[in-house]
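Down below are the structures I want you to see.
After this come two complexes, each holding subunit A, first together with subunit B and then together with subunit C.
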Partner chain A sequence: MAEKKRLKDLTFWDKIYIPAILNGLALTFKNLLGPKFTLKYPEEKFIPSGSYRGSPVLVVEKNGVERCVACGLCSRVCPALAIEVQAAETENEKERYPEKFEINMLRCIYCGFCEEVCPEEAILMSKEYELAFDNREDGIYGKDKLLKPVEELKDRIEFLRRYK
Partner chain B sequence: MSILEIILFTLGKVLVLLTLILLSVSYLVYFERRISAWIQNRLGPNRVGWQGVLQPFADIFKLLLKEDIVPDKANKKIHTLAPIIALFVAFSTYAVIPFGPTVTLFGYSVPLVVADINIGILYVLALSSIGVYAMTLAGWSSGSKYSLLGGIRSSAQMISYEVSMGFSVGGVLLLSQSLRPTEIVLAQSGWMWNAFIQPIGFITFLVASFAETNRLPFDLPEAEPELVGGFHTEYSSMKFAGFFLAEYANMIIASALIVTLYLGGWQLPLIDTFGLPSGIVITLQILGFVLKMGMLLFFFIWIRWTLPRFRYDQLMSLGWKVMFPLSLINLIWVAVLIMVFNI
Partner chain C sequence: MSTFTLNDEEIEFKPGQTIIEAAKDNGTTIPHFCWHPKLSISGNCRVCLVELENIPKLVIACSTQATEGMVVYSESEKTLEARNAVMEFLLINHPLDCPICDEAGECKLQDYAYKHSIGESRYVEEKTHKDKRVQLGPRVMFDGDRCISCSLCIRFCDEIVGEPELTFIKRGNGVTISTFPGKQMENKYSLNTVDICPVGALTNTDFRFKTRVWDLSSNPSICTGCSRGCNIDVWVINNEIKRLTPSFNKEVNSYWMCDDGRLNTFKHVNAKDRVDGAHLRKDGQLIKVSWDEAFANASSELKNITNKEIAFIGSAFSTCEDNYLFTKFAKDVIGCKNIDFIRHTNPDFGDELLRQNDLTPNTMGAELTGVSPKQGGLNLDGIVQGIKSGKIKGLFIMEDDLLEAYPELEKSLPSLELLIVLSSNFNKTTAFADFVFPAATFAEKNGTFINFNGRVQRIKPAVETTDLDRSLDGMAMSRLDKFGTSFDRWAIGNKHDARASWKIISGLSVLFDKKLKYKMSENVFDDMSKSIDAFKGLDYDIIGKKGVLLKDKLNEVTQTV
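Entry: the complex of A and B
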């Protein structure tokens, strides 16, 4: 193999390495004293921005009615087949509502397709990321766990209106 | 002093020293983890006890409770013997390191060194050479390619660096005219530290001791990315812990040796001018020894998390083409100093 020629010849100080080593030591020492980025997790929690795709939730309007009209598009588009919707009717102005709305969090892949396809802006990706269960039944979230008031989801709605 | 009293005092010193070393070895592991974390902008282990100070005990219990696996193709006797050699060598070397001046205890004058033998430095060099066998045998007896490569690398590395190490020590011996560690320390009274008189020898000895203790940038026998852990790939449970402890014990012995040979041992310059009572002076001197060692140990850890590993051929060419001539130059420099200034 032919010997490769350097673009620039090394000077004496480059060759004895010591200045470079001292430089490196100074850098690591600066980092040693510098700020730390680790969060002490159970005590300090990571607060995600609006662009974060956590677990999907259903939006409840300020008057206490859910936005969902049980069209079933989210269930249709879900690549992991995690969503199950059953529609029912009421006497209200907005007739349809989901009688049963279940998301299996063990199947959900947090792709956000349900949110994207929803015509009513009713299903949104929240900032919730602490999803631990000790049995499979607890992984299936029903309406009791999914409904979230609209005020809690402002960041996400703002993000979607700006970038979607 | 009768024979019985000498034996009692020696046993006492051995017990105290061994406990202190075992403790400091486990805390060295803790500090290595904390400092490496800080250098990488992390926090490191801080959960077990206040700021994680009980982490070493958690580690030891974990290692003790693990299953001890010996591979089918291993030579079982040698496989078991290797970590024992490593630990034995690491701990027995401390015997000749003086950690303080001679003190008067209960009416006896006790030198603060376990064995004040007249060939102390030779003893250290001889034992640290046996340490290579631990790694080579571990690598050979495991019956694994990675381990064998690690073992071969360690023997090649040790042989190349022991040469420059020996020649650098030669400079110290020329000045102190003695192989006895206590006399080498006494020869460096005041600011006459060997690190100032023969800086080249200090640097070559420092680099060689990095290679001898298998620390980065010279940890080729372990080399995780290419050798999966090198000579201790096939070790588990307490046998692995043996190697692990031996590595850190070697670090402590290396820094103690550097302090003794080059940084004036337990001597603190100008301490006599303050007119303190002798008890306080001796305590300060022992603390000074510990402090110097601690700073060197921090340097060892600091270097590890700063520099990348050498390539095998770079290691060899550095050892033979740079370190060896430098240590010879140092030897000549010391000889000229002695001739010209008659120190």
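Entry: the complex of A and C
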């Protein structure tokens, strides 16, 4: 192996390392006395802004009807194939609804493509980031866990309307 | 041959052909909604407008006859402008409900809107509203909003089926499709209108909202509803058949198939009563056992019965390969002369268009492969009498329900010493069987059927069994099939432990002196083509996608059918 050459030989002060250590400690003490950014999670929780992409959820209108018409575009666009939709017919004006809507949170990569492609603004990225499971089955969210009332998602809708 | 110029290219045409037909024969598709190669020309959608040199106005390619030296531009600036304008007109009243519409993904209007339209609507007024969810007939649902009034469905009922059941009513903006008052669209071919409808106005009530078409995989196969052998595509998601659609074969079914074939021939593949794994009877109960155990027990019991007291019933539902090995097993391995198969016919089923009175796909195949009694052996009636009188003690049935055909045998079947049944589903006969081997259905195996006029056609697997692998066995793969893992609920599917009948027989024969060993159904067919005159010179490659007409010895057989 060829011998590697240093770009520059170390000086005496470089070799004893003390100035470098003092430099580092100066930064430490400066931040120790400055304003704090850490949170005492889980007692204190981080509340993200509307631009945050947490786990995807389904929107329920004020009248209790879900917006989703089970078109399957989210499922088609999902790069991780996390979404499974099974459509069925209803008597409502929108003839279709998802009989089954499952998102595998272990597969989901929170890219937000499903939200972007949705023609009904029915699937949104929520602020939810606490996703931990002790078995694979729990990672699959059905409609029971996905449906969220529209009021809880106001931030995100506002963000999307402004920037999408 | 006469020629004309299409987009600066010289193309040939037959006299009398229209521009759109000649272009299609030469590989150029001119956009169209209301034109269909098998229906009369209506010329009402105007989307096939093309530019002709020296003619100031554009003409429609579907009704303008090609003439020598004509110069046509189907992609010129003027043509595209006109096409975009026509699309804009068609989209004025078309609802933007593709997310809800079942046609999305295979919709011509959607495709052309992407390709030829400006992408935005300038129309700000309210769209017209018509009736939605109109049940036109027992199998077809109509959505008035989506209809673009191309009249294909009307012309299909009128010209192909010969039962004019549909018509336009009202005028202008309000024009819509309706059946005659008090009547329903219930002809036997009504679901073909769903296939030819360029938009989602007509939908199949059986398939409606079941799945998105882009998630399905499709494999070519043959309909098993009657002896016509219509060419079909089998559409599968998550290893479950969702629908069958006809595929074009000029010699057999053109573009069509009947509703019975489309709806009633695949439900048993997905059914809950499928036989899953080999079963044998212990203490009066059918118990699932390993294949080896079932083979070993069945063979030793078969050896216990003399070959005069045993009978074999083949099947016209099975492929030629199945029947060929079945016959070989019966005649050569066991040395039995009593062999026949049940004919299923219905004199009211057939018609002049496609449907045949013979309700099985492979009667001629069963005949040609020799599923008939040897000299001195019993035919079907003889076998039935033999079972009743107790003369027949062992019975080997392949893919048929004997009790359904002969209910009077219900008392005699239990007294048989041995009843071996190869069946895809549990049925009346399997209830008395000592051994039930799970036979693969038509959608789970390779093989050949011979239709009523002697055309050999291939069937290919579309549904996986534990014996098949979607990628290794060359089945079409959807995106979900490619990327799914065993942890995904939508990819686990339901794989039955079933094998093609010839494979079961081959496995059983290994325990006898004469062994019938074959690797693939293709090998069985090659052997067949060597030993049976009618199949001489044929192999799977020659049969190809559209099938081959058998010539030799055909006349002899047709007389006996």
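Assume the second predicted complex is superposed on the first by the 133 of 164 C-alpha atoms of A that agree within 3 Å, B and C clash if a C-alpha of one lies under 4 Å from a C-alpha of the other, contacts with A are read in each partner's own complex, and residues count from 1 in each chain.
The rule is short, and it goes like this: contacts are C-beta pairs under 8 Å (C-beta built on N, C-alpha and C of every residue); 3 or more make two chains touch, one makes a residue touch a chain.
Since the structure is predicted, the reported quantities are computational estimates derived from the model, not experimental observations.
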First (subunit B), second (subunit C), both or neither: which does A:88 touch?
-> second
In the superposed arrangement, which partner chain does A:154 touch: subunit B (first), subunit C (second), both, or neither?
-> neither
Of the two partners subunit B and subunit C, more of subunit A gets touched by chain C
For A:21, is the partner it touches subunit B (first), subunit C (second), both, or none of the two (neither)?
-> first
Check whether A:45 is in contact with subunit B, with subunit C, with both or with neither, and answer first, second, both or neither.
-> neither
Contacts of A:32 with subunit B and subunit C, given as first, second, both or neither = first
Identify the partner contact of A:104: answer first if only subunit B is touched, second if only subunit C is, both if each is, neither if none is.
-> second
Which of the residues in subunit B come into contact with subunit A in the complex?
-> 35, 37-43, 46, 302-303, 305-307
Contact footprint of subunit C on subunit A as seen in their complex = 69-73, 75-76, 81, 84, 86-89, 94-96, 102, 104, 107, 119-120, 136, 140
Quick one: which bits of subunit A touch subunit B in the complex? Just the residue numbers, please.
-> 21, 24-25, 27-29, 31-38, 40
What part of subunit C is in contact with subunit A in the complex they form?
-> 98-100, 104, 132-133, 208-212, 214-215, 479-480, 483-484, 487-490
